[in-house]
Every structure is written in C-alpha cells, then in structure tokens.
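You will see subunit A twice below: alongside subunit B first, and alongside subunit C after that.
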Partner chain A sequence: MDTRVTKKKLGLKERYAAMTRGLAWDTTYQPMDKVFPFDRYEGIKIHDWEKWEDPFRLTMDAYWKYQGEKERKLYAVIEAFAQNNGQLGVADARYINALKIFIQAVTPLEYMAHRGFAHVGRHFTGAGARVAAQMQSVDELRHFQTETHAISHYNKYFNGMHNASHWYDRVWYLAVPKSFFEDAMSGGPFEFLTAVSFSFEYVLTNLLFVPFMSGAAHNGDMSTVTFGFSAQSDESRHMTLGIECIKFMLEQDPANVPIVQRWIDKWFWRGYRLLTIVAMMQDYMLPKRVMSWKEAWEMYAEENGGALFKDLARYGIRLPKGWEIACEGKDHISHQAWNAFYNFAAAAPFHTWVPTDEELNWLSEKYPDSFDQYYRPRLEFYRERQQAGHRYYSKTLPMLCTTCQIPMFFTEPGDPTKICYRETTHGGDKYHFCSDGCKHIFEQEPEKYVQSWLPVHQIYQGHCFKPGVDPTQPGFDPLAAVLDWYDLNVGRDNFDFEGSEDQRNFATWRGDAPQAGSAKKGGAA
Partner chain B sequence: MNIDLQARQIKPLRQTFNRVAAYTGDKPASRYLEATLGVQPTANFHYRPTWEPEFEVYDTRRTAVKMADWYALRDPRQYYYATWTMARARQQESMEASYQFVESRGLIGKMSDAVRANACEMLMPLRHVAWGANMNNCTVCARGYGTAFTAPAMLHAMDQLGVAQHLTRLGLALDEPGVLEAGRNDWLQNPHWQPLRELVENTLVIQDPFEVFVAQNLALDGLLYPLIYGQYVDEHLAIQGGTAVAMLTAFMPEWHDESARWIDAVVKVAAAESGDNRGLISNWYATHVARAQAALVPVAKLALGDAGAEALCAVRETLDARARKAGLTL
Partner chain C sequence: MSTVTLKPYDFPAKDVRENFPAPLLYIGWDDHLMFASPYCLPLPPDTPFGALESAVLPGIYGEHPDFGKIDWSAVQWLKSGQPWKPDPARSLADNGLRHKDVIRFRTPGLTGLKGSHS
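Let's turn to the complex of A and B:
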C-alpha cells in the first residue's frame, strides 16, 4: 500500500467544490464583464457567488454511471414495446391523442430547455450555477431524445405525430408552448431560471407530470410510463436547482425581491395558461381517468404551492398575482379548452370527440359546480348534431391573446357565461388579451410582446400560404391553404376521432368488432 | 390481454418522422438520426433575445460559416444521449479498474517524489484548461445552429468537465489537496502558464461559434492532448516510473482520439461546402494553431525540458496533416 496513507481527505462538500467551482478562475487577460456579459443587465445583484449552494452533488463519473444504467433499462423497455406491438395494448385509440399533444407540444420544449440551459450554463458568472445548468442541459437533451424514441414506434402506426417538428413552428395552437419557451429563452439567465426551473419545474411540474405519466400507466402505455419514471430522478435535480436559484437571488440582495416577485407573477400566469392544454388532455383525452384537473390543481397547486409560498414569505415573496383567479379557473378551463379544440378540430393535427355518457357522468361528478350547468348541455348538443350527420368544424379564425396566444375563450372571473376580453393600446395599435394576467404581462414588456408571431394575424397577413397561392382567387379556401402550408394530412391527421383512420386501424389490428353507431363525418372543411 | 398480437401482421403507416424521411426517404431510421435530424426550430420565432436583439433565438448569422444545410454536419460516432452516456460509463468502469489496480499494487507510492511532483506540476493547471474548453463547447451548443452540430458540442462540453474532474481526482490521489491550489496558483501566476491562460481567456470572448469550435477543439486541443498525454505522460513520465499516471489518465488520449473523429468530420463537411467556408476555416485554423503553438512553448519546455520544442513541432506537424486531411488549405 501507499505509505502516505495519512493523506488529508476532502469532505464531500469540499471535494465537489474542487471538482466544479474550484476549476474556475477570475479572468484577467480578458475582463470578466466581457467573458460573462449577460448576467447583470436584468438588475439582479449578486455580491458573492461563493454563497451559491450546489443543489446536488454529482460528478461526471457518477452521472455517467447512473444515467448510463437508466438508459440501458429504458431502451430495453422501448425495444420490447416495439417488438411486442405494445401500441395495441393501450386502453382505447383515443388515448393516442394525448401522445400526439405530448410530441407536438411538450417534446419540443425539452429541446428548447436543452439549448436554453446550455446558454445559461455558459453565462452565469458563478461556476456552481453553471455546472448545475449544464447538467440540466444534457438531461433535457435526453428527455427530448427518449420521448422521441419512445413515441417513434407509435408514429409508425398512428397519425398526428409524423410532422410534429414542422407543426411546432407553424400550427396555431403550438404557438402557445413555443412562445412560452421563447419568452423564457429571450430573457436573461436569472429570468430563465425563474421561469423554467422555479415557476415551471418547481411549482407546476406535477401538474404536467401526473396527467401524462399516470395517464399513461392507467391507459396501458408502458413505454411512456417508463420514460416518465426514468426522467423523474432528473426532474428532482431540476427542481432543486429551481428553488436554490430563487433563494440565492432573494438572499443576495433585498433589491432582488421585487424583480423576482415580478418574474414569479409573470411566469406563474404564463405557466398556468400553458397548462390549459394539459388540463383539457387530462379531463377529456384519457379514456381511463386518473384524477380530474380540478383535483390535481387542488392537490399540487393549492396545497403544495400554497405551502411553498408560505415558506417564501420570510423573504418578502407573496403568492403570485392571479393566484385566486387561477384557482377559480379549475372548474372551467379544461371544458372551455376542449370546446375550442372540438370546434377547431379541422385545423389541429389530433382528433377530438364528444365523451361517452359514462365519461360525461364522470365529469358531472368531478365538476358538480360547473359541468352540468355550463358544459354538458353543449357537448350533448354537439353529439346530437354529429349523429345527425352534421359534425361542426369551425372555419373561421379566432382572436388570440397577444401574450399567451390562446384563442379568447376564457370567461370572466365570476361569470362563466361571458368571454373575458381585455385590451390595451401601445404605439397606436390595439392589443387584445384573454385576462388581466396576460394584459399585465404585456404592459410590463410591451416591446417584447409586440413582436409576437400571432398565428391568426400571420394568416390574415398572408404569411401562412405556400408560395404561389393567390388568396384573391374566387372561391379561395383560406383554411385549406393554411392546412396545406402546415403540411397536415387532411382527413388523416385532423377531424373527429369518430370515423378516423386511427380508429379504424386500431379496431382492425385488435380484431375488435366494428363499433356500432359510428357517426358519419359531416360539416365543413 | 393475451391474444397473439405479436403474431398478427400489422402494417405500419410510415417508418419514421417527416423530418428524418426528408433526408433518408421513408424507411426505418437509426436512433441517432431520429434524435438529430431537423430537430431545432427554424422559423416564426416570437421574440428577439433581450441579451442579443440583433439575432433570433436560433440564427445562422451568428457564424460566418454558411451551410445550405446545417444537418450535413453529422457525428460519425452517431452519438445520442444514451449511446454517449453508456460509452462513458464503460470508460469510467475501466478507469475505476485502473484506480483499483494502482491502489492495490501501491503504484503511486512506488513513484519517486520528484516524478510525482513533476506530474502534479504539469497536470494540475490543465484542470483549468479543460474548464475553459467546457465553457467554449457550451458556447458552441448555445450559439451554434442545427442539432447535428450543437448536440455533440454539449456532450463534448460535459466530457471536458469530466476531464477536469479526472485531473482533480488524480491530483487528490497523487498528493495532498493543496496540490490543486498549487496548480491553480501556477495557472494564475507562474510565467510558464501565462501565455496559455491568455490564449484560453481570449477564446472565451470569441463570438462566432464555429470559430470557437476550431480554436478550441481543433487548434488548441489538437496540440495539447498529443503533447501532454502522448509525449509527456505516456513517454516521458512512463520512462521515469510514472506509469501509474498514464493509467489514471488513460481516458484522456482515448477520448481525444474518439472525439477527433467528430471534430474532423465537422470541419471536413463544412470546408467542402464552399470555397468561402474552406478559406474561412483554414484561416481560423492557421491563426489559432499558431497562437496555440506559441502559448504551448513554455508548457512543452516545462514538461519535456529541451526536448519540448521538438516535441511540440512534431505534434504541430501531425495536426497540420490532420487539418489537411479534413480539407483545409495550409
């Protein structure tokens, strides 16, 4: 043995510091301001980066070992799933539409997160924060890829997934997640972490994770369940980064508190609006229900979030603006969103439908204060029309909220029968909003939001047709021209689930008897 | 549900995603291709970055290199996260075996104090060089265009962090923890290291991600790794009884050779794209390799004494040949 066994050993914390922040130095041949130009203009004051607490201690050797093992197991499941035609084991082909939303709207955000964390992983002056952000950057690349690889097999057998990346840059409803993440990425590094790591990952992540992953488990989708659970240990690291960053900013300087509060207000509302899509998926697209959106909101937002903000009160942080309105919305937003997507089902690359009676009963039971009164009669009317051969597809274009880019279908606080409209004037132009929250966000940074690529405006301005298309031609069908520009397979990717190719194929592959009473496809488009 | 689903013939509607089929046609695609091709958003961005309003979030104009298709810059290793992390985990296993071997045979104790001290003096400042390389590859990932180019850069950044951590662990195995501080002081003050530190700091402020890629991955590391891990560790130290050090740094030359395949492939395809690209990249290479060589003169001397200058020239010649093979004009 080594004779110098009496060598001094570093404690875990010191050892990790030597492996990370100990590698950094203050540059002198180039000014630090030039090497790290981006982390001061937001106004966050950091006096001592040494006070940054590493949210986790994972050196690359351990990281490779754990992650490599997780990947080995995950890909074995994905492989077996494909070999055994696992897609036929899902409860009902309607479930596949939840996966379509996932790969269209969520998977691209993993990629955005990967690039965003690469940027802040380079640009925080504090080396400890850089390392944590870099690790998240590769984790997010992992999530993008494992989701892609898991869904790849579904893509071979079902519509609505094959062109997800192209749609992400173009399709109207995907401007909601896209603008959300570009908003975060176009902010400075501290706002990015507040937006993504704290507001989204720490405060709201369960509201995303539970519906999709438990939804997958309940609906027989073992492939999605496996990647979801495989991502969970990554997520817990990401959440600790989020809370550490918030506490660090708040502890460094009292002048940071109002800035952080403004970001929390903004990103809570942005995140809440984005989750409308998840709420709808959870209440309407999972044939085997897990829990209602309302229940999830009560458990993960009202209880857990409430406790978190109680804890942050000692720093002078209060509940985000709009919290009460968001809580009131739990009775409504999933139903209002499904209604919108049901009507615009010609223009989105997934299927919608009217729930079965049993499902309507479940919704009545879960939403005793709203469903029977406001939403059930409407759905029953749609079903009646559809069964009479008149499935309705809206061909008009909705007004969008300038901030969240969701069509204006949310109702007034306190009055679920009245659509909520807000507007403001900036630079001589009028801008429209779905809520006080979105209006307020715009007014804080109008120069940012006037840049919004609003799909409906873009269509009206003629930017969403293929080259050579002439909108002045008699009989011009703008929706058809837009769907062509989307590169959407009309009749296969869109319309009602009833009568869809997915429905037919799934029944044939499973050897199920043809379903009685399938309605004919009717209506416009 | 135990009906013979597996046996039933079920015909797929398609084989892969459109973004992949655009390159390969509709046929079964590798996981690398599905993880890579056409992934990055390209159009209809909403807001300009507040930190750089002259560019879009993703913008080809951040580099002077022009590509008709940035997805031409493929990684010959076909790495995606899973294959990368599993490959590194395997390499880590063999590093652990080396540590066990070295410890069980007491090989570090058998090194002379002088050799041990020399190894620390040479290798500890390199922790910081690897850290600079980590930052620069983050830059390539964040500022570059197209997943084919940017995703391997992030893996490379993490590899460089791994290298810095391997060196740290080595220092802690060879000596007291104070050895890290000593290496840091040399890095910050010792005249032998100042030209290299100046060079590294200068690369940290290059804005063009492709230039960063050439300056860091081809020019600097292309000289540094063969010089240090080839000439110094494997030759010089080994002869003096420092084989243990060679065993405990075995990851670095192995990784350098592996990742050089990616670096050369990127350079080769980008240079072959146009005369302008070839000229630009060749110039970057010429500029940065000359600076790197100059900065490494005192390092080579510290490592190899009078033989250092010659060793450095030999390494440069080999790297020039590599660059020529990748299509650069020197």
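Let's turn to the complex of A and C:
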C-alpha cells in the first residue's frame, strides 16, 4: 500500500531564508578568517551577522522572473522607438550631448559597479549582505547592457557614442568617474558599500537620476525614459541596501561610528565633486529645462539629505564635512564646469555651445545671485568671438586636482572671483587640490593618491601617444597625438555644436531651415 | 592617517620629477576665470623667468582683451598663495621654482570681461 506523502510547501519567510542564508555555510577545512580575509581589516566590528536585516526580500528565482518581465517591456519600447525614428522627435540635437555624457561617463560606472558588488558579494562573512550585494551586481550588469542597447540606436545617427569603453580608460575628463570608482573598489568591502550604496546611491543618486530621466522626458527621448523607469525599481533596492549597511555597522559596535563618519565625509565629497558634470548637464544641455541644478540640490540634497542626517544623529553621525561648502556651490558649479568644457571642447568627444538668449535669461532668472555677475559676460564674449570666426578653444593643458582629478576650476568658498588653491607636501613632492575636501581626503591616505593617474601628467610623461609616435620630432603636435590615441574622430566627435555634423544632419533629417548664424564655422582655431 | 591595508602598502609616486622631461609649473591668472583653471606646463629649469611674459603667457592668455593692457611692471606674483618677487632675468630654477610649484599673477586694475572676473 502506498503511503501518502504530504508535500510541505515552504512559507514565504522560510522559503526566503532557505534560498538566501540557507545556502551559506561555515567552512571547516579552512578557517573562516582565511576564506573571508577582507571583512575585518578595515576595523569594522561585527558581533552578530544575524542582525543584518535583508533590505529587500528577494530570492534569485523571483529576481529573474521580475527582471525578465521588466526587460521585455523595455526592449519593446526601444524597438518601437527605433522603428518610428524616435531620434527625430527629440527637442533639439544639442540634447543628444547629454546622452553622450551618459554613455561615456555613467554607463561604464554601471559596469564598474557590477564588478565592485561581485567582489564584495564574495567577501562579507554575513550571507545576508553577500546575497544583497550579488543581486545588485547582476542589476548593475543589466543596467550597463540596457543603457548600451538603448543608446546604440542614437549611435547610428550621431557622433561621440561609438567608443565609450575605450574612452573611459583614456579621455581626460573620464578619469574623474574612473578614479572615483577605482578608489571605492580598492577600499575594503565596508568602505565600498559606504561609498557606493550609501553616499552615492542613497544620498546623491536622485541628483543623477532625476535630471537625466525627467530631462529625457521633457526633451522627447522616450527610450531613455523607459530605461529610467526600468532601472528605478532596482535603484530603490540599492538605496535600501545603502541605508541598511550604514545602520547595521553603527548598531553593531560604537567603535564603528568614527570609521563610518570618516568614510561618509570622504565619499560625500567625492560624490559631490563627481556630480558636477550632472549639474552642468542639467543647466546647459537640456534644450527644454526641467529644473535648475540649484533647485534640484535644494530639494534632494538640502531637504532630503538634511532629514536623513537628522535621523542618523541618534547613532552619533553628523552631516558630512564640507556640506555647507557643497550647498554654497549650488550657485556656481554648473557654470564653472560648462566653462571648462567650453574651453577644452577640442579634447572631449561631445559638443558644447553658447546658450541662446532665451536660455541665458533662464539662467539669470534661476541664478539671480551669481549668473549675471560672474558667468553671463564670458558666455557673451565667447559668442562675439565665435561670430567673428574665432571660437575660443584652450590649447594648454589644465592643472588638475590630485584627488578628484577635475581641472582646478572651483572657486574659493565665499569668493567666486578666485580659484580655490590648496596644496600639501608628501615624500618631498607637492600635491595640489581644488578644495579643503579633496586635500583632506589625500591627507588621510597619501600612499593611495600619490598613485593617481592624472591625465595631464600622463600626457606630459609621454604615455598618451600611440606606439611609435616620436614627441621629439620637429612640429610635433601633442594635442593631435593625444586625440589620435583617444581614437577620437577629430572634427566630428569634438568642437562646438555650431557647425557640427550632428547639427547639420539633424536639421536635414527634420527638414529644418538652417538657423541664422549656423553657417558659421565652429572648427578649431 | 594612512591607508588601512592587509599587507605592507608602498607604491611609487607617479608624478615625481624624474618621470617628466622637464619640471611642471602651474600658472594661473587671477580674476580672469574665462580661462577655466590654472594651466600645467613642463618648462626647462633654465628658462628665464622673463620668458613667461614674452614667450609663454601670450600663447595661453593672449585672446583675452585684458591681456594686451597688462602693465608688466605692476604685476603682482604669488607663489603657493604668498606674495613673491621673481627676478625676470634669472632662470626658473634660480628663482626657486621646483617641480609642481604653483604661481599666480595679479594684474591690478584689470578685473576681466565687464568687471566679472572672467
């Protein structure tokens, strides 16, 4: 006689436990410390990994099902966008340059994040943290792929998108995001989560996401909007991981507090500096404006961030160092960054331009305390020069900050008329910084930052030319040789938007009459 | 403070003097921020300081309408932010400039495009 077996189905909670922590075990052939060598040396004390609250109760099977559905929807939109020539529906071909920055500077970071989370997902002793990090690692790889797919359609029609991975390792301005992430990845796993999950994703990510995605919506770019929606549910999971990690460290041992505070200070400042390029994109590169950088900063950083740090005060955590200076910068950094990219437009694979009068007036209105006084005159001067056939390009390489690697264009706190210079000496050599924040970060870990791969210095050391190039030849043009090493299509990927191939093609495809002044050559001086 | 590491951590500094054909000098023009940042130049140490005014700076800053109006006898120099009086006839090295020094110049009376410090 057969015995009837009752099949027991696991409840949701048990099932979750079985498929996450249930898959972990303590090693016996080798001591745990040897198998997980990285999760103690940073000095973070964990007494009970069981106290880790899983930020999002998601198991791998549910993950695949859920993400698969989302991606089917996303690819349907991308396909429809391509079939309907959606690229012609964007507000203005200048907008495409925001997408160029996205594929050049943001998408490679998704890939780096994938690697970083795969690494820490291996190295925590706690299974809960490992599972969360591994899932985020898969998310980041998906984002890298879906962004690349979404933007590949634009790449068929516009310049400056065909070589992003190669540029990421070489082009001067991309050393800023690259060094940011390599700094995080070369820290230990707890610092990595504080840097990426908390300081970047939790505190600052809205400032990246909202302007790009609302900007895309306002400017008729539905494929990017859809990507944004698809990624947004992942982002909320990532943010939850960020705050959980912080609270977990703070609750486990009071000795963790000063370490975490030091990391928050460092990574808030690094993240803030990294976002400078988003500030510029938001104020200058969206033909149809969403909100100013200043307004976004007030809403997402000052209000939301301020409330977060009030909440963390009970653990003994205060606002990050440099917070007030960052808040003061909201009136300035977008204008200063745009000016730098305008100066060095020959050497970056996207276009810059002088805003129209209507756009200048918008900036005056949004920045009543700074724009007319400090920034409008230089833009009007550039326009005059361009209309006279002398578009200004800087041909000399800039001084860079050793820590953030951004050209030293930030001004003194309290005095927007003076560049902020800071320096220190280490091992008999001088090192220079854009701010007290970057100087402080260097002084905490000088051994790390003396290894900075600063693009300008690397060019002068002769490391940025193709093999066989002889810089001692008479008439040697270093800039041309560097652009050749970048594999940048000179005259198509770079220079002013005015007179660019993108501008001409877009007008032709749309059947627009050339605008007044658009016949002016925007090429190199 | 120093980097917290598992093992000894000692790597060569990337930007020491020996790695460059000439020492680096950083130069900025105060109150003229149309030039977004100071510049970085490899300059042979035996270059006379006066060559900056005659040969180096015109190529960098010449496009600015204020540049032609500079009274070079009235220019104020700063080295690492401190007032400094270089001798134009002597070399960069003899003026005490070393690898990765930063100097700035102020041009009294010139405040940039429409007085905007641009």
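The rule is simple: the second predicted complex is superposed on the first by the 505 of 525 C-alpha atoms of A that agree within 3 Å, B and C clash if a C-alpha of one lies under 4 Å from a C-alpha of the other, contacts with A are read in each partner's own complex, and residues count from 1 in each chain.
Convention: a residue touches a chain if its C-beta (ideal position, glycine included) is under 8 Å from a C-beta of that chain, and two chains touch if they have at least 3 such contacts.
Not measured: the values here are computed from a predicted model.
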Next on the checklist: Output check: A:Thr396 vs subunit B and subunit C. Expected answer is one of first, second, both, neither. What do you get?
Outcome noted: second
Checklist entry - Now for A:Gly414: first (subunit B), second (subunit C), both, or neither, which partner does it touch? => result neither
Checklist entry - So, does A:Pro446 touch the first partner subunit B, the second partner subunit C, both, or neither? => result second
Checklist entry - What is the contact status of A:Gly188 with respect to subunit B (first) and subunit C (second): first, second, both, or neither? => result both
Checklist entry - Per the overlay, which chain contacts more subunit A residues, subunit B or subunit C? => result B
Next on the checklist: After the superposition on A, what does A:Gly427 contact: first (subunit B), second (subunit C), both or neither?
Outcome noted: second
Checklist entry - Between subunit B (first) and subunit C (second), which, if any, makes contact with A:Pro467: first, second, both or neither? => result neither
Item to check | Which of subunit B and subunit C A:His457 touches, first, second, both or neither | outcome: second
Next on the checklist: Contact-wise, after the overlay, does A:Gly475 reach subunit B, subunit C, both or neither (first, second, both, neither)?
Outcome noted: neither
Next on the checklist: Per the contact definition in the header, classify A:Leu23: touching subunit B only (first), subunit C only (second), both, or neither.
Outcome noted: first
Next on the checklist: Under the contact rule defined above, give the subunit A residues that sit at the interface with subunit B and also at the interface with subunit C.
Outcome noted: 37-38, 41, 188, 448, 451-453
Next on the checklist: Under the definition above, what is the set of subunit A residues touching subunit B in their complex?
Outcome noted: 1-4, 7-8, 10, 14-15, 18-19, 22-25, 27-30, 34-35, 37-38, 41, 59-61, 63-65, 67-69, 71-72, 74-75, 83-85, 88-89, 108, 111-112, 114-115, 118-119, 121-122, 130-131, 134-135, 137-138, 141-142, 144-146, 148-149, 152, 155-159, 161-166, 168-170, 175, 178-179, 182-183, 185-188, 448-449, 451-453, 458, 487, 501, 505, 509-511
Item to check | Of all residues in subunit C, those that touch subunit A in their complex | outcome: 1-6, 9-17, 19-21, 24, 26, 28, 30-31, 33-42, 59-60, 63, 80-81, 98-102, 104, 112-114, 116-118
Checklist entry - Of all residues in subunit A, which touch subunit C in the complex? => result 37-38, 41-43, 188, 336, 339-340, 342-344, 373-378, 381, 385, 390, 392, 394-400, 407-409, 411, 416-419, 421, 423, 426-427, 429-432, 443-448, 450-454, 456-457, 460-462
Checklist entry - Which subunit B residues qualify as touching subunit A in the complex? => result 1, 3, 5-6, 8, 10, 12-19, 31, 34-35, 38-51, 57-58, 80-82, 85-86, 88-90, 92, 95, 103, 106, 108-109, 127-128, 130-131, 134-135, 138-139, 141-143, 147, 150-151, 154-155, 157-158, 161-162, 164-166, 168-169, 172, 175-177, 180, 184, 187-188, 197-198, 201-202, 204-205
